[in-house]
Structure formats: structure tokens, C-alpha cells
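Going in written order, the chains are labelled A, B, C, D, E and F, and every chain counts its residues from 1.
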Amino acid sequence: MFSVTVRDHVMVAHSLRGTVFGPAQRLHGATYVVEATFRAAELDDDGVVVDLGRAADVLHAELEPLRYRNLDDDPALAGMNSTTEVLARLVADRLASRVAEGALGRPAAALDGIVVTLRESPVAWASYERGLGAP
Amino acid sequence: MFSVTVRDHVMVAHSLRGTVFGPAQRLHGATYVVEATFRAAELDDDGVVVDLGRAADVLHAELEPLRYRNLDDDPALAGMNSTTEVLARLVADRLASRVAEGALGRPAAALDGIVVTLRESPVAWASYERGLGAP
Amino acid sequence: MFSVTVRDHVMVAHSLRGTVFGPAQRLHGATYVVEATFRAAELDDDGVVVDLGRAADVLHAELEPLRYRNLDDDPALAGMNSTTEVLARLVADRLASRVAEGALGRPAAALDGIVVTLRESPVAWASYERGLGAP
Amino acid sequence: MFSVTVRDHVMVAHSLRGTVFGPAQRLHGATYVVEATFRAAELDDDGVVVDLGRAADVLHAELEPLRYRNLDDDPALAGMNSTTEVLARLVADRLASRVAEGALGRPAAALDGIVVTLRESPVAWASYERGLGAP
Amino acid sequence: MFSVTVRDHVMVAHSLRGTVFGPAQRLHGATYVVEATFRAAELDDDGVVVDLGRAADVLHAELEPLRYRNLDDDPALAGMNSTTEVLARLVADRLASRVAEGALGRPAAALDGIVVTLRESPVAWASYERGLGAP
Amino acid sequence: MFSVTVRDHVMVAHSLRGTVFGPAQRLHGATYVVEATFRAAELDDDGVVVDLGRAADVLHAELEPLRYRNLDDDPALAGMNSTTEVLARLVADRLASRVAEGALGRPAAALDGIVVTLRESPVAWASYERGLGAP
């Protein structure tokens, strides 16, 4: 099994609802370092899972709606806590949609899955892994 | 599948028995950077695998018996080499016990497994992965 | 010349005023990884610039007023842009005050200066360096 | 399941064929940070998957044919693009051969698999994972 | 004294002349992680040394002539070894020219100097520091 | 001003004397990541401060007496606390002696100074900087 990973980052504000979050219930923020991994059992004719440059461009574009935003105002997150796990799933699902559209240059059926990791600090991160059918 | 990871570290002395270890048979030491990953298929009602702050606290507490210690004197390691692999399993098993007690705030049945990684230097590390039933 | 450095982090929300900042004029946030360096020409009788554990505690305490906060509401930053540079100076000045009070366990006259670095992402950071007299 | 990982690096020149690669079709180069992971369900009598020092030596030796080379001239890569994915597979297959020869000190049947990751920059990497039978 | 730093990277091929370089006399390559630091005694009216976004854009542009290139063919390096030190000076001198042209948005006289660091691997890097008058 | 830096690491045991050190008074250990920086105003005829490979070899050799050792038994540290600061000075002084002997391939007078940094964990490190005359 092969995989490729590209990394980018976004800087957002948000707050979390629930006493378990303690001071993180206040409006605060984060630099999320975002890693997106694409997996495939076989390489394409160019010898890649997907082109790293193309993957970086697609990840950058899919992060654009989050970039320099207050996630408490994001309709896509209405009624949900924008935890690191939830954001990882949101990004993975958006990337899966782009794969389904062919934006990565290979049919979705040629890829085995996606993993998205969001690092919120040097000591804490979360991941979401999914296949490439319906979420 | 979701996961969250928290990171901490401990500074210990120890020695290893066996000619394969060469100079590491002498009493020396290590800073182990410890990463503990908790996996779950579903998020809880707060939108998390487990709260990152709570996970960090539990990891810190479970590392306390190792912190600033000579592992050659640790009864829990008597008769065993305190290799990076063995220490990863020790920490993972202790975390699994805490999960079983409910210390992470979710029933063990809601979680799928634990991975513990110990980085002993920038160029060497070991991991142990286990489920959340009996070790 | 000797120095010691300790590292911590805070997660904050803020916005910046000025067209030069482009999308960072919107309310967003950051994880700031904060490094505080203390310099001294001579070690004390214990063989340290200042004790690393004590330095870590003082840095953690001085970051507390920023932790999980919206800096746009911080009176200490009223009328100023909370740029990475300005925050580095704020933290350095607060640490200098603590040094002047003896919180690091050595007289300020025994130390030569402080450098505070705030890393806002893997690709951008800022530092402020000062002596230990009046700011 | 246990694993151990060792890290090394090589500095190579190469070019890629295919319009998808854009400017990377030109002769350029890379520092590849190479991580090799060995997996085993059980530890050996010394308490290790394989000795980290031995694993580091074997990885270093297997990277030697790539070190300070122009990969466009490497017969092992003739007719192939030396993409990060292809290089990860090449290194993994060579390590698997060494395991089969007993160079890691355990029979191949005692190990479950190998993962090789090549990091070509702080924002892009690729991995190849395989078992320890025939490639 | 304040400073800001931005980071980028380039992937190049080159060879070095001189027996001291051993195998690095062969055509090989490197991923250079490039950090450019700008220093100023005072912040501007926006509260910055220079805007981090603008600094990142200027650094990216000045690295463009090196990106995905064989440095052995670069006229700017004719008759010189393209060592990490020489490349750090080349980049610093080009940034100094851009500062002199006002590309960073502040007069050169408001800045105190530039430091450029090129990291060629996790274990080796070089820096060049200069003022902002003639090189 | 130019500089080059090489990085290596050692794993040692030790204990510290003095109540300020709290639990670090017990026998424990550390992985020290060691960075040695050499500074020069001018490059030599090969275009380097000193050759990075040679610098790496010299650093590795000078760390050998510490490698896999209990520093409490090191005569060079008798009567001293082996704090991170003291170890940084020890390594810097030994490197300065090697420079004076010509081991780096340039006369000491051609170099301006040495900085040695020891990182004991991801959140704490110490440095010592000196010239190249008598310590």
C-alpha cells in the first residue's frame, strides 16, 4: 500500500460548548497544521498515488473557507462543536468530494482512502480516516 | 475512524542486558517523548474521541512513576529489559486500565484502541498498539 | 555567555487593524508556541542560569492571562495591534518584571537579558530581545 | 502489535518525466528524510522488535547506493520515474531482502511488515507498506 | 530589538568542487529549508517589523530562480561552490536588494539587518547575517 | 557573518545536587540533542566556514566520552553539577581545543566563535557561546 501526504495550515477563532472543555469554552483560537494523506494500492502511470503539487493545491483550496475565520460563524458547523476531530472530518469529507470530482487526477476508485490530521499544538492532535465512497 | 493524540515526556536512567545492545548495556538514560493515541469509531455528544485536556492529564499521571527515575529499580520492570518497546507496552497497558476505570470520561467499549509511541532520539522510536479488552 | 530556554504555548483569538494584514483583519486565532530565553555571563552556585523548572513555571504563569482568550478584549493591548511582535514584547516585559521581583531565584543584575519568540505557524515567527533594566 | 522506527537521510539529484510534474521535470534534487518501520506481534527474548542500532545500520547501508547520486543514472530506476513513492518502495524492498537474509537478527517470519516513509520537504512525504514475503 | 522570520523551501541539484567534500563532489541535490529573518529596533505604525505575509511573498519570489534547478548551471554562481553558506549569502543579498527597493514596505534605514538560514538536512545548516547597506 | 551548525545526540544518566532541582536530584537520564555552531566572518577557498562533514565527525568524536554513560562517574565533571549549561560549556570547550589543533581544517584565528546548544526535551534547552582563545 502506498500513501502521499501534504501539509498546510490555517489560523482560526472558535469556542467550544460543554463543561468538559473548561477554559476552551471561551472564544479563543488555534493554528491548525493540517496533514492530508491519500492512499492507493497501486501507482498510476506517472509513478504516483496522486501528484504532490496537485494534492497541495486541492488541500489549500479546501482550507480556504476556514482561513482567518471565526468558526463559530461557519454555517457548515452550525449546531456542532468545532472540535479538532470534527474539523478533521469536515476537511476529509471535502477532500473526498474533490476526489470524487476528479480534482486529484485519478478516479476515486483508484484510491483507497483519506486520512486528515489536525495538529492544534505541539502536544495535541486529532485524525479522521475514511474511505472514498459516501461519507 | 477518529483518533486523538496527546504528547508528554519523561527523563529516565536505565541499562539494557544483552550483547546486542553494545554500549547501551552501560547505565545511561533517555528523554522519552511519549505520544498516546486513543481511537474511536464514533465521537461522543461533545464531538470528541476523549477530551484532549483530560487525556493529557491522564497521560501525565501515568508517566509519574517513571519520571526522573532509574528504571533498573522499578519493580514493574523486574526481570525485563526496559527497552523502548517494553516501555511503550507498559504505558499503553496502564492507560488501558485507566480507560477501563472510566478516567477518560467514556466507557472503554466506546473506544477502539490505544497506540503509545516513545521517541528516544530524533532518529529512533517504538510503538505498541492494543485494544481495550484485557492486555 | 550562557542561556537557557523554556517553551510553552497558548491558544488565542484576535484580529488585526490595517489593510496590510489582508484577511488577518478578520477575527481569527493562533496557537502561539512561546520560547523564553534567559541569558547570563556566569552560572550560579548550582551550575545554572536559572532553574529550567522554575523558568517553565514562571513562563506558564505569565501566559495565563492570554490563555484561551480573545486578545481584542485584553486591556493590556487596548489601542495596539496584537501582532506577534507586540505579543513577544508583552511577554518579555512581564518576564522581566518577574525577574526583577526575584521570581527566577537570581537577582536581575546576574542576568544579561531575555529573548521571547512566538511561533504562530510552522513558517512564521517573531522575537523580542531586551535587557533587564526598565523596558 | 509492536513497531520500531529508525530515521536517516540522503541527498540526491533527479528529474521526473510527465507534464503533471511541471517544473519538477527539470533536473533538481532533494534531501529525503527516510524512516523505516519494522512491525512484529511479539518481542524477541531481548525485549525488542529488532535492535534499533542494528536497524539503523542496515538502513544506512541500504541507502548508500542512493547517497549523493543523480538518480537519473541509477540502473535500478531505469524506465521508471524516481518519485517519492517509487523510492519508498525501492528502499522497502531492499530492506525486506535484508530481513530475509537475517541481517536484522530475527527470522522474517517473526516480523509482520515494513513501512518506509520518505519526507521530501516539511510539507510533502510518501510511504510504502509491505509484508515480508515476496514483493 | 525585534525580529520576524518566514520560512520556505527549494529543491535543487548541484555538485561541489574540492576534495574536502568527498562524495558531495558528485552531482546530487538538496531540499533547502530557508528561513529569512528581518530585524528592527522599532516597530512601524501597524505594530510590525515587516508584514509576515509580505515577507513570505518576497522570500518566495527571491527563491524562484533556484527552484527545481541545477545550480551548476546558474550564472549567478559561476566560478563559485554553491555551498550552503554561499547560497545563504546569495539569498540574503537578494533580499537586501528588495528591501532597498522598498518591497517590504519599510525603508531599509528602518531595518537593522537580515539573517538567512538554509537547512540542508535535519543535522546540518548554515546562516549568513548582514546589515542593509551595500553587501 | 557566516555560521554552520551540525547536530548529533547522546543518551546519558546523571543526577543533580541542590534542592532547587526537586525530583531531578534522583538518578535519571536524558537524550541530549547537541547542536554545535561555528562562526566565521569570511569563507575559506572552498566556500565554507568549515566542512559540514568534518564538523559532524569532530562533534561525534567529542561526544563519545559522554555517550551511554552515567555522568555522575565522569572525572571531568567531578565536583560539578552536570546541568545542561555545564555540559554545553564542556562540549564547547572540547570543540575549541579541537579547533585549536586544526581538526576542523582552518586555523582558529579564521573562526570567530562557537555556540553549543543541548536540548534536553522538546520544551527545555541551554546554550554556551565562546570565542576561540583560551576558555
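The criterion applied here is as follows: a contact is a pair of C-beta atoms (placed from the backbone, for glycine too) under 8 Å apart; a residue touches a chain by one contact, two chains touch by 3 or more.
These figures come from a predicted structure and were not determined experimentally.
S.K.: Please pick, from A-C, C-E or C-F, the pair whose interface repeats that of B-F, with more than half of the contact pairs identical by residue number.
M.R.: From the options A-C, C-E or C-F, the copy of B-F is A-C.
S.K.: Taking all residue numbers at the chain C/chain E interface, are over half used by both copies (same) or under half (different)?
M.R.: different
S.K.: Of the other chains, whose C-alpha centre is the longest way from the centre of chain A?
M.R.: Using the mean of the C-alpha atoms as each chain's centre, the farthest one from chain A is F.
S.K.: How many Å are there between the centre of chain E and the centre of chain F, using C-alpha atoms for each centre?
M.R.: Inter-chain centre distance comes to 27 Å.
S.K.: Quick check: how many Å separate the C-alpha centres of chain A and chain F?
M.R.: Computed value for the inter-centroid distance: 41 Å.
S.K.: From the C-alpha centre of chain D to that of chain E, how far is it in Å?
M.R.: That gives a centre separation of 31 Å.
S.K.: Quick one: which residues in chain F touch 2 or more of the other chains?
M.R.: Residue numbers touching two or more other chains: 7, 24, 120, 122-123.
S.K.: Chain C touches which residues of chain A in the complex?
M.R.: 7, 9, 11-14, 23-24, 26-33, 67-70, 120-123
S.K.: Where on chain E does chain F make contact in their complex?
M.R.: The touching residues are 16-18, 20-22, 24, 80-86, 88-89, 120, 122-130.
S.K.: Quick one: which bits of chain E touch chain C in the complex? Just the residue numbers, please.
M.R.: Touching chain C: residues 1-8, 43, 46-49, 51-54, 56, 105 of chain E.
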